[in-house]
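Listed below are the structures to be examined.
In the two assemblies presented below, chain A is common to both, partnered first by chain B and then by chain C.
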Partner chain A sequence: MKGRALGSMRRQMIAQLVVGAALLAALLIFVFQDFARRFAEESQDNVLLASATSILENVSEDAGGLIVDIPYAALAMLGSVSDDRVFYRVDQGPTFVTGYDDLSVAETTTANDTSFVSSGFRGDQIRAVTTSRLLSLGGQTQRIRVTVAQTQDGLGDRLDELFRRAVLLGLGFFVLATGLSVWTATRVLRPMQELALSVSRRGPDELRPFERPVPTEMVPLISSLNGFIARLRRALDRSEDFITEAAHRVRTPLATVRTQAEVLSRRIERDENRQTLRKMIRAIDESSRAAGQLLDQAMVNLRTDALQPTQIDLNDCLQDVVTRLTPVAELRDIELTTTFADDCHVSVDPILIQNAVSNLLDNAIKYTSAESRVALSTSSDGDGVYLKISDEGPGFEAVDQPLTERFVRGSAGEGTVGSGLGLTIAAEVFEAHGGKMTLSNNTEGKGGCVDVYLPR
Partner chain B sequence: MRFLLVEDNLNLASATADRLSLDGHVVDHAPDLETAKDYVGTTSYDLVLLDIMLPDGDGRSFLNHLRTARIDTPVIAVTARSEVSDRVGILDLGADDYITKPFDFSELEARCRAVLRRRAGATSNAQRIGDIEFNRLAGTLSYGDETVALRTRELRLLELLVDNSNIILSKTKLVDRMFSYDEDVSENAIEVYIGRLRKHLAGSHVSITTIRGIGYRLDV
Partner chain C sequence: MRRRLFAALSALLAWTTGAFAFEIEAETTFPAATATVELRIISTADSAFFTPAVLDFQAAHANIAVTYVEASSTEAVKAISEGASFDLIVSSAMDLQTKLANDGFATVIRSSATSAVPEWAKWRDSVFAFTQEPATLVLSPTAFDGLPVPETRKALIEILREHPDRFRGRIGTYDIRQSGLGYLFATQDSRTSETYWRLTEVMGGLATQLYCCSLNMIEAVRSGELALAYNVLGSYARLPTVKTDDLVVIELADYTATMQRSILMLRNSENPDAARLFVDHLLSTAWSTSDEPAFGFSAELDPDDISVNRKPIRLGPGLLVFLDQHKRGQFQRAWENAILQ
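Our next item is the complex of A and B:
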């Protein structure tokens, strides 16, 4: 019996954590890169503005004319940042004064005397700042504009470098987070795995509650598991009690009726009455045997479900059965012979095996001819132990193979008391032990033969 | 033989006692363990038939009691339980054998005989009939220096004839007693066994007479 598996919990948990870490790493890279770009742009703008402002500061009036003195530092501060080329121009009102006249000038007003523009210039991306102030020139107020621009190769390089670092940082974060999630998942699930292992290692009859400490989240699971175990144990105990009780209740009155019928048959004088009573007794025997074997079968099912094999010498186990059945065999003057091979150690439930063999021998004794022989022998090899029971009765017909099915009785069954469960029980017992039972007929002489194989 | 029957079901107990006394046995009945302990303390029995489930306890505690009181009367346990559940327990605790309810009395008899044979070694049970000696327990018949081992059915037939010597027994009655109820046997089957017994008895003064159309009689 297997539950439907939904995939490994550990793997799912790790996958979820890893996907989360990947998303976080991507976000980290993006945020870092964005921040770095803004920072780099802002610092370039600041330098540009400082440069433009220092040029503007040095613009002066001299006798109604304009003196523009570009201070060295104004351009040097730009050059110190990178090897980017720097352009400038100075305008007086709408008139170009000096610098590169093809550099575009942004409009500035009194209210907003500084403006930044990104554009293209002579095939390069540039960042330009225009700043202005009013200057009184010969009694006229003139707006002086200074524009400073710089190509952006250096900035691009710096941004690339920053991006590489951001990616490295993100990757590092991702690797660390993945490692952590594997560790966490393994650690969190360890109590679960330990529990699963200890459940699967339990023998089928081991119905103790689990007492090992578990994390709080697993306590409800453990307590319901223990609840199941307790219920199962109670159910098993109850079935066993029920079978015992049922056996007692059915068998005792049957025994009373049968005994009274026997007493009566001894007192009856008329033969035809005795014949009738004989039939009654046979009917009682039939029902009690059926009841007994049904109960046996229930008990066998209980025991095979929770098989408790012990290492035994099969020969000793069989000898007990033979000793017990000898008086029954002697009633019909049947000789029960045994031939035991050495080393017949097997791991089985001896009670079940005895019950099965007892059923088989009982059958053989019942069907073999009076004053004949029923032979039980064992042999063994590396694989397992073999047991053979042969009788000198009518044997099994070819059609008798389904005899191992419940309530099917062979043609030889007519005229003898039986329920048709004996072979079924025996076959089930051997199969539960991983063995096999086959019916055949003796090749020499007459009689049926049951071969049983039990693995070691 | 003297039996102690420990059985709490009164109907079954009285039927069993009746059935055993039909074969000439003496039966004391104890309905519970206490009474049973009193009985075994005061009387000596040939065999105890012990029901395993009793109102005042498990029959197994009685087996324990017998052991500790060093009473070695053989015990055949009678159980109504499934054979699968507790056979080992019963025999381990010192019962000599067990039988499952309901049982055929011929099987019970066979088990008693087997138990007694194991216990006594079949020494002093020979019975003298005319000039032959018949040992039921050992299943032997001796005449002069010769001793033959009887097969079970020969033994049972001879028992029946000896217990009713000089009385005519009908074939039906013999079939009834000799064969268990689950066997279909024709009355002619008896003739085979009569023939064998006659062979064993040849030479002695004990003989089996055929009463044509009625049955047989052992003449001593």
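Our next item is the complex of A and C:
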């Protein structure tokens, strides 16, 4: 069963970190730019004020007249900061003295003798400072005001440059943070991914607890997982025990009952009672066989779920089965022949294979005509090992009939004890080993034929 | 001559264009064979000085005729302020060029040629210097016969003081009230060293002659009328048209103020494309690193020729200070007190 996916944790984590980094970068750009703008404006204001102050300091009184001796540095200092256009004017009270007479002058007072104004002048944006002081001229106190203004092209250029830098800084930060996010997410989630990988790589029989160290946050998950594994392991152990136990508990009493019934039938005189007893024995046989096959089937299911193949010689394995079944065949005067090819080494679960082959041979012995022959042969090539069982019974009704399905019995089974599980179990076993079982009828003469292929 | 010159020189002294009240000194026309555009340049430079530059430009752009109008720097500024139709102004008055740009009469030009001009030789990407012209001391060897050639202002002052009779009435310098360049040199001198005022006092005591122009002073020295002239444009003294045999041109070792002649494209230029072409051509030629100056002058100085004392006057708002009417009045009064005794 596939789990429902809520989307990648890593991707989600990266996305959140990246969005966070983008927000931080935007904030960084904004703050840096704002700071830079204030700083640039402030430094322009400072230079303007220094310029205006130095002009104001060189305004003096001479014989009642005003002398304005603008120092070279006053305007040169503005030129050293940027290539901006520079305007200035000096006023004595309400009267214009020198400079650009169309430049506007801000009102200043004793309490507030300096004022900064941003405005337009001759089609350009300018920043102007007016600073003032009182001067006694011919017995009259007058306010001398010096205004110095500068266009803001240089400031704009500097701000553009600062903005570019801020953006570069922000982008750099963003790229770095994104890289870090990916790294962090990958690193943080690595134990999780490793765990997921090792869980998915585990074979069905691998029920050891996880012992690799994990981050603290994952410890509860691992403990729960290990708890599940332990419980599963116990449950599987119990099932196997139960099956073995059940096989004994069911088969042994049934065998006892059957023996008792046989003994009883010999003593019984009356023919109709004997007939009844025969029917009973037959029913007991059927139950015993069914119970055996059901248990076989359970065993096969359990073992194929957790297949533990070992390298064996198939011939040895088959010989055991043949030896075990030879007495049964002899009871019906059936000759059980074997033809073993060399090199039949395969990697299989021998118990399952024996179980399956035993079922097939049992079937063959049961359905073939008395005093006939059941042949078991093996062969091998580079791909795998082939196993063939043929009998001289009625054969299979049709090759494509679903005999290998559970509880389906062919018409030949009528009058014979059987549950219909034999072929099913065999087919399941071979399929679990990656092999294939094919039913067919002998082309010459009568009889069915089972071909099995097991890959190496 | 690289090409035929159809220079029709019409020396129209005190010529006035209809609506405008500014005076020009001369107008030279450089017609072009296939003229489609006429570029009008107003300049303070003598046409002899600038003709090679114009012809060199026309060699590359045959369809542009050029009219070259000479005027004094103050008249040139007056013409611009009154809105006379000119495309370019070429001037040695760095302060006035700066003021034109500052007051918004200039157009910004950004091209590969203008970006090759070093930062100290341009302002606002509007005023571009294309020459380096030192203020020199020009003297007549005959007048200095037996005297050491002064290398510094201090040495010059000593010589003048020791031989007042030899030099009385035979010293020339700019009349800063008439000449913008003279005023520029004087103000820069006064910024650089206190020696300037002492020298001016001494020259004043020796009945110094005042001149409007460098060429007049050079001529006066050459003819023997003057023994020496102070703050003469070295570039004029070295012009091929000037016979230099009778002259010694000295770059004083204490410092030599260097004027940068500059060009500026006017905002109301009627042929902006042609004007830009002209500026680009002039600047790329002037600032080229080739050994041969293309038209008798170059902005790049020959390294052998540079005395470490050359002090280029920087373009920039500092130059506006001495244009201030109060400042100028004070400076001129101080100068008059020193020179007119």
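The rule we apply is simple: the second predicted complex is superposed on the first by the 383 of 456 C-alpha atoms of A that agree within 3 Å, B and C clash if a C-alpha of one lies under 4 Å from a C-alpha of the other, contacts with A are read in each partner's own complex, and residues count from 1 in each chain.
One rule holds for everything that comes next: a residue touches a chain if its C-beta (ideal position, glycine included) is under 8 Å from a C-beta of that chain, and two chains touch if they have at least 3 such contacts.
The model shown is predicted, which means the values in this text are computed figures rather than measured ones.
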item	value
Most chain A residues touched (candidates chain B, chain C)	B
Partner chain(s) touched by A:Arg38 [first = chain B, second = chain C, both, neither]	neither
Chain B versus chain C as contact partner of A:Arg231, first or second or both or neither	neither
Touching partner for A:Asp83 - first (chain B), second (chain C), both, neither	second
Touching partner for A:Val68 - first (chain B), second (chain C), both, neither	second
First (chain B), second (chain C), both or neither touched by A:Gly99	second
Touching partner for A:Arg11 - first (chain B), second (chain C), both, neither	neither
Contacts on chain A seen with chain B and repeated with chain C across the two complexes	none
Interfacial residue positions of chain A with respect to chain C in the complex	67-76, 78-80, 83-87, 90, 97-99, 122-124
Chain B to chain A touching residues, read off their complex	9, 11-12, 15-16, 18-19, 22, 53, 80-85, 87-88, 97, 100-107, 110-111, 113-114, 151-153, 170, 172, 176, 180-184
Contact set on chain A toward chain B in their complex	240, 243-244, 247-248, 250-260, 262-263, 265-266, 271, 274, 278, 281-282, 284-285, 288, 292, 295-296, 298-300, 303, 324, 326-328, 330-333, 350-352, 354-355, 358, 366, 370-371, 415-417
Residues of chain C touching chain A in the complex	101-104, 123-125, 191, 314, 316-318, 320-322, 324-327, 330
